[in-house]
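Data first, discussion second: the structure below is written as structure tokens.
Chain naming follows the written order as A, B, C, D, E and F, and within any one chain the residues start at number 1.
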Amino acid sequence: MLMDLFKFKGGVKPPSNKLQSNHLPIAQAPMPSRLVMPLHQSIGGTPRPIVAAGDHVLKGQMIGEADGWISAAVHAPTSGTVVEVAMHVRPHPSGLDSLCVVIEPDGKDEWIARTPIDHNAAAPADVFHHLQQCGIVGLGGAGFPAHGKLTPTKGVPMDELIINGAECEPFITCDDLLMRERADEVVRGIAVFRDLLQPKKVLIGIEDNKPEAIAAMRAAVDALNEPFSVVAVPTLYPAGGAKQLIRVLTGKEVPGSMRSTADMGVQVFNVGTAYSAWRAIAHGEPLISRILTVTGNVHAPRNYEVLIGTPMGELLALAQPHPDTDGILMGGPMMGFLIPNPQVPVVKTTNCLIAHDDRLFPPKAPEMPCIRCGACARACPHELQPFEMYWFSRAKNFGKTQEYNIFDCIECGCCSYVCPSRIPLVQYFRFAKSEIWAREREKNASDQAKARFEFKQLREEREKADKAEKLAKAAAAQAAKKAAEAAAAAAESGADAAVATAAPEMDAKRAAIEAAMARAKAQREAVQPKNTEHLAPDQQKAADEIEARRVAAHLIEDRVSSEKATAAPTAQLDPKS
Amino acid sequence: MDILLAIAIMALGAVVLGALLGFASIKFKVEGDPLVEKVEAILPQTQCGQCGFPGCKPYAEAIVNGEEINKCPPGGSEGVQRLADLLGREVKPLDAEEKPKQIAIIDENTCIGCTLCIQSCPVDAIVGAAKQMHTIIAQQCTGCELCLPPCPVECIHMAVIPETIDNWKWKYPVVAMQVVAADKAAAIKEAA
Amino acid sequence: MTSAPKEFSAPLMAARTAVTLFVFVVIFTGLLSGAYLWTKPSIEASATEEKMKLVDEVLPRADYDNALLEDTVALPETPELGLKDSSTLFRARKNGQPVALVFEALANDGYAGKIRLIIAIRANGAVAGVRVTQHKETPGLGDYIEVRKDKNKARPWITQFNDMSLAQVTDKDWKVKKDGGRLDYHAGATITPRAVAKAVLKAVHWAEANRDRLFAEGAAQ
Amino acid sequence: MSHYLFILVGAVLVNNVVLVKILGLCPFMGVSKKLETAYGMGAATTFVLTMATGASYIIDHYLLMPFGLEYLRTLSFIVTIAAIVQLTEMVIAKTSPTLQQTLGIYLPLITTNCAVLGVPLLNISNGYNFVDSLLFGAGSALGFSLVLLLFAGIRERIEGADVPLHFRGVAIAMVTAGLMALAFMGFAGLDKYQ
Amino acid sequence: MFAPAPFLLKDVSVSQVMIQVCVALIPGIAAYASLVGPAILVQLVITTVAALVTEALMLKLRGKPLSLFLTDGSVIVTAWLIALTFPPLAPWWLVVTGTVFAVIVAKHLYGGLGQNPFNPAMVAFAVCIVAFPALMSQWPSVGLQLGLIDQMNIILGWAPRVDTLTGATPLDAMKTALKLGDSSFDISTLLANQDIYGNFAGRGWEWVAAGYLLGGLWLWHRKLITWHVPLAFVASLSLISGALWLYNPSQFASPLFHMLSGGAMLGAFFIATDPVSGCTTPRGKLIFGAGAGLLAYIIRVFGGYPDGVAFAILLMNLCAPVIDLLTQPPVFGMKDKA
Amino acid sequence: MITRDEFKTIAGNGIWKQNTSIVQILGLCPLLAVTTNAVNGIMLSLATIIVMALSGVAIASLRNLIPHEIRIPVFILIVAALVTVIDLLFNANLHELYLVLGIFIPLIVTNCIVLARVEAFAAKNPPLQSTFDGIFMGVGMLWTLALLGAMREFLGSGTILGGIDMVFPSLQPIQVLPESYPGFLLALLPPGAFILLGCMIAWKNWMQARAAERAKLKPPAPVATAGCH
């Protein structure tokens, strides 16, 4: 299989450390004591919980329902009882809590009824729905719902479907083992993607440090008689980054600002995604387990097939960590993060756990100032100028960081890796990006506030004018009436002139006071309907939500979550706006 | 003689230039001030009046006319910094304490539904009808605190927006903080 | 500030501002011209004095008795003196007899550009004095040609030219010692003295050739 | 031809108005915090300075010199310049709101940019003819704009530097200007072949 | 709380980088020492000590950790470059003035390591040549053979500075001759006079230049510098000198002469490549190098100072931020659009 | 008329708080160009003070007669006329100094201080206040110019009061440092002027921070930083 490969600029070659864990076959992890399923496990809307504490669930039963198109369902990984639906830590660098469903397994591991689907016979929309209902999301890292990526961009023919088996991060071997042991199902999954996307070519990219996986995949492709090319790509971190792999295999460069690679006629899927998609299509199995590598400072590094929701500490214990282990890394050493505590559960995108210690990962030397040596720029696969972005991030000059395209940064860590000053560059970029997003949110909020303020003012003006007009009419009528009465009375009783002239004056004053009071009253009345009857849809929705929340816990953070769903992506995709 | 000549020549120039200027001053008259809009865009639009002006726009106008730029507490020191950048003025410390961002919450058990808070909210963030429990729509509350005083039963209080995964921000890298903190400490020592 | 006027049409406004400006200009130009007339005599006096000061440095006042600044010859462009523009030459006489010529010369090849000289040459061809009036030589290095900056106050470098004449000093000697001549120089800065020496030598030659003509010119009046 | 080149190079580099002649420092320090404004200020100054040099040459040669009124130079030059600036300001305000936004606060400062009076005065003492004068004015202005831009570039970068507390802001900018002037001393003597 | 990714770091550090630069200077220093004697070593010691002391003082004043920053080695590079660019017999107080000025004003007022917009060593040189032109243009005269003690005495001011000790460098001599505007003067004759001058750039200077070239190539091989700056510098210097030389070989020296004399090689490989004060984008580096070469030639041949490298580099430092800004390379995926 | 407090404020502002040279950063050209010795600086400042005081009076008195559209040309006209008078006086009586100060006497016209004060103060205040304002702004300028000039002269040539002979022909500059002092020429050249002024401004920042510290006010506010915290 010969084909021309392209190169991407930059990249680094950290020691791969893959040999420790790739010589043993995949093992089945034992059933944990408790499963914690965070509802938010993929990009997009947070699934809504559809179970409550005390409910009994079966293996594969949906417990969280997709919220919107870009969202994927969450399922019970085994049968058991829902203990609670509450806030728990989820694997996230913040170490903060989010809503989780906690399940106590009953040990029976009893499946719910599974419904496979014939993807060739069914309409694409039904297939997408099936995948969404099965909770299939990208297992390569980002966790983008797979059905979203399988929907072709209108007007752009799909040229290449790329299957990402590069696995470029050191230590991780889960894709390697998956391809070695279950190549057949992976290839069948790829065929499903092919059928849905109708690409001209299917390319399977695997780093050349995994010869067994390459061989196994080639064999499976040949066995299934598929026209897929299995391509060995040079080992160079981050060759597995979607854009880098596209570049290597097709020569296309997808700009950082492009929302989806599909806009350039390419789509990339992780091998694990293909595998779980096949399980969902052919067997109706939702995504409730995955293969992950447990390695690092442990006696017995190896790959396990693990139920989603398993606490990471329990999993690590299987590999017998050395006593000096002082933390658990989720993901690879280049992009992963230390988890706050061992109770944190495995999620769909957890591909590796590394026991951390000072020997494998020496503590960082103190940060020195940047000497502008340019090593980072040479290492950056996105051809950015990390030191400039750093310089301005450090000075909190975020506008400038955007001029240097900070939003093109994929946070791969190559720059930090090579920096002689040991600057945590990526950290600065993340800091700058989240500040920019926060600012964007604030800006949106302040624009809205301004609009609402102006609207309220306008309304008040108008109402005041209306009322004043009405009142003036009424007062005039009343004054006229009173004057007439007084005149009549005067004529009748023959009262003296002083009274006669004073009366209308008094009347006018009283009328004014009355008018004012009426105005105030009217105003008060006028306000109420505005706020209960003529609610804008968003207001109504918000009010409903508040109502809902009153029933549940008294929480207010939803406000920001729904905002972020709208604000953050726009900020990310159009950084200059 | 010399004097007369000098005066004549200068006067000639004066008449020409004066006429030109006067003419141009009418011909090229511009209305409005784009600067106000730029300033207003920086102000947080909380409309709280803490700056001493009835809303953000009046304060923006005042700033353009020479008012100090450090009077908007919701904008924070960062707002001052950005105004200083825009206007080329000196950065001054904020004229008040900086508070974390807050929103108002109505204690629904105490609320008597008097609608007074509804009227005081500049951004219509409170919904509810007379004699019904009112609610504050968190997304729309700017935290201006204007609804606190009118409430006859003091059922409204301010709460700091808690950190959640969605509004969580990556922190400024820690290592650098230490070095700079040391620098600051030294600077203060220097100054003493 | 005066408040903005109501509304004027453009021509009216033009007239209005023109008149105001006119009035102010007339007043202040008048004041200024008064001051000018008042200071004019003393300014002229100091200008004359300044010129005389320069001349005094190269030619003692006792040596002549005419009104030197008025006894002038207008020189056209004179390449021999390095001059690209016209200049003025002064003639010193005592009892009507020619005493010396005082004129400007330019050394074009200083270290940092042109060196402007004032030179007095006696009727007998000997140099009465040379002074540098303007130069850009490096301070601390080439600026010893200026009397004020010369550390050797007793015998400033530039006074070496005094009394040198073509009759006594051959062209070959009219050079810095380094080049085999008799003039001193400061080590590390020979370009400057070379340039000055060359310019003076050229000026002496030129004076030699033109002296009689210059003294005679316009003398009839 | 080379005569013009020397005037231009001399005015832009060798005798740079700001760093060598020490003129126009206030806008140099004031409008150099950002490249963007520096660019605008440079453009505005270039325009005004060239105009001013040309206009003052005409005034000097056709109004003042023939009548021996040289003592009115300062007066007549500066009033003319002020008028030119004010006209420019009005025209810009009307025609280009974007330019007005960046220069709004600075345009009036051009009148108090001593380069705007200094260059015409130097020009007269250089004894240039009209074309030379225009070239000299434009060259000086380009020199001004050039160093203003480069200075702004450096200042934008210094903004992020860990400058000692009391030196932050103008003080370090002043030191930077000093080092720039030092660098420009390298051009010394380049105009001697003129 | 949590250490940030990546958890793996390459084994590199600032001090390693700086030490390698010092190592790369050694061949040049050796050649230099064999040419002018041990004076240069004395100067290296003086500048290094002065630089370290000043640096320590400034770090202390600014409350920075001494142990961290004093060992980064950058100030030693600065010190060595100062020693190598000053006349070897310059009095001690002159080199110390230059060094102190460089470390305090050019480096620490800007925040120290990595933040200075101007090259500290070149600031030292420029300050001294402007302030003390006489001393800065006294180079040991041709064929001067003095021992360590004698040289030290001169540097420390214990022995009188006799004028005969000093003479012009080849560049200076050439310029002096040019200045006199003597039409009889001929560069090739001047240079061919082998008693005084070596084959190319005069009495062995070419060996010093070769030493720097060697060290520079090693730096390039170690990937501490890229080829852009040196190549652009050398190319522009040889292009302009070559053009004028072809135009009039008797008035203008050959490119080889320019390349091998003065600070050309040191400048091209060690000074213009200073990452801190130079350009960082590839195209920017090319412009920076070419500009420095061109300006060095112009100042050297037509300007007021004997060698133009220092001023040329300072002038390009001045332009560096703007050049960098204008030469931003297109990022991944934006190549056709840029 | 003017109250004591008003006077104090005006004086304090001029001399320190709003010092033109090191706080407002205006009038830099004379500040840097003529301060090769203290005497030049002082003489130019005196000239500037006279111009400021007189123009303060003139403009404050005439302020109500000047139409808005042409106020700048008129202000400038007045200032320029005054400056030219000063120029003529220097030329007549202090000719040598006149030559040294060169175009910086006419350039008082464009000295931003003059026009800025005229615009900011004289145009809005009565004549007496404006006069004092002009004078004290000038005094603030005077001491900074004198100090900078003295420092440059001392470093550059080791003397003080250089150029005094141009004002009082009977006096001579005093050589403070030994004759063998080589002279740090850089101090007399533009780079030295800039760098020394930078140090003066930093010194002022330091004094202010110290004063704030002493007064137990807010901690030293970083002046015009762009947040490198």
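The rule is simple: a residue touches a chain if its C-beta (ideal position, glycine included) is under 8 Å from a C-beta of that chain, and two chains touch if they have at least 3 such contacts.
No experiment lies behind these values; they were computed from the predicted model shown.
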{"item": "Reaching chain F from chain C through chains that touch each other, fewest steps", "value": "1"}
{"item": "Pair sharing more residue contacts (C-beta pairs) when C-D is set against A-B", "value": "A-B"}
{"item": "Maximum centroid distance from chain B, chain identifier (CA atoms)", "value": "C"}
{"item": "Most widely separated chain from chain F, with each centre as the mean of CA atoms", "value": "A"}
{"item": "Centrality ranking, top chain (CA atoms only)", "value": "D"}
{"item": "Cα-centroid distance, chain B relative to chain E, in whole angstrom", "value": "51"}
{"item": "Where chain C and chain E are represented by their mean Cα positions, the distance between them in whole Å", "value": "42"}
{"item": "Centroid spacing, where centroids are CA-atom means, of chain D and chain F in whole angstrom", "value": "21"}
{"item": "Averaged-CA centre spacing for the pair chain F and chain A, given as whole angstrom", "value": "61"}
{"item": "Overlap residues in chain C, where contacts from two or more other chains coincide", "value": "13, 16-17, 20-21, 24-25, 28-29, 32, 36, 111-112, 139-140"}
{"item": "Touching two or more other chains - residue numbers and ranges from chain F", "value": "69-70, 73, 77, 81, 84, 88, 182-183, 185-186, 189, 191, 195, 206, 209, 220, 222-229"}
{"item": "Residues of chain A touching at least two other chains", "value": "93, 364, 366, 369, 394-395, 397, 424, 427, 430"}
{"item": "Chain D-facing residues of chain C, complex", "value": "25, 28-29, 32, 36, 110-114, 136"}
{"item": "For the chain D and chain B complex, residues of the former touching the latter", "value": "30-31, 33-34, 37, 59, 63-64, 67-69, 72, 75-76, 79-80, 83, 86-87, 90-91, 93-94, 97, 100-101, 104-105, 162, 164-166"}
{"item": "Of all residues in chain E, those that touch chain F in their complex", "value": "97, 105, 127, 130-133, 135"}
{"item": "Parts of chain F lying in touch with chain C, wherever the complex brings them together", "value": "63-71, 73-74, 77-78, 81, 84-85, 88-89, 91-93, 95, 123-124, 182-183, 185, 188"}
{"item": "Chain C to chain B touching residues, read off their complex", "value": "8-11, 13-22, 24-26, 29-30, 32-34, 37"}
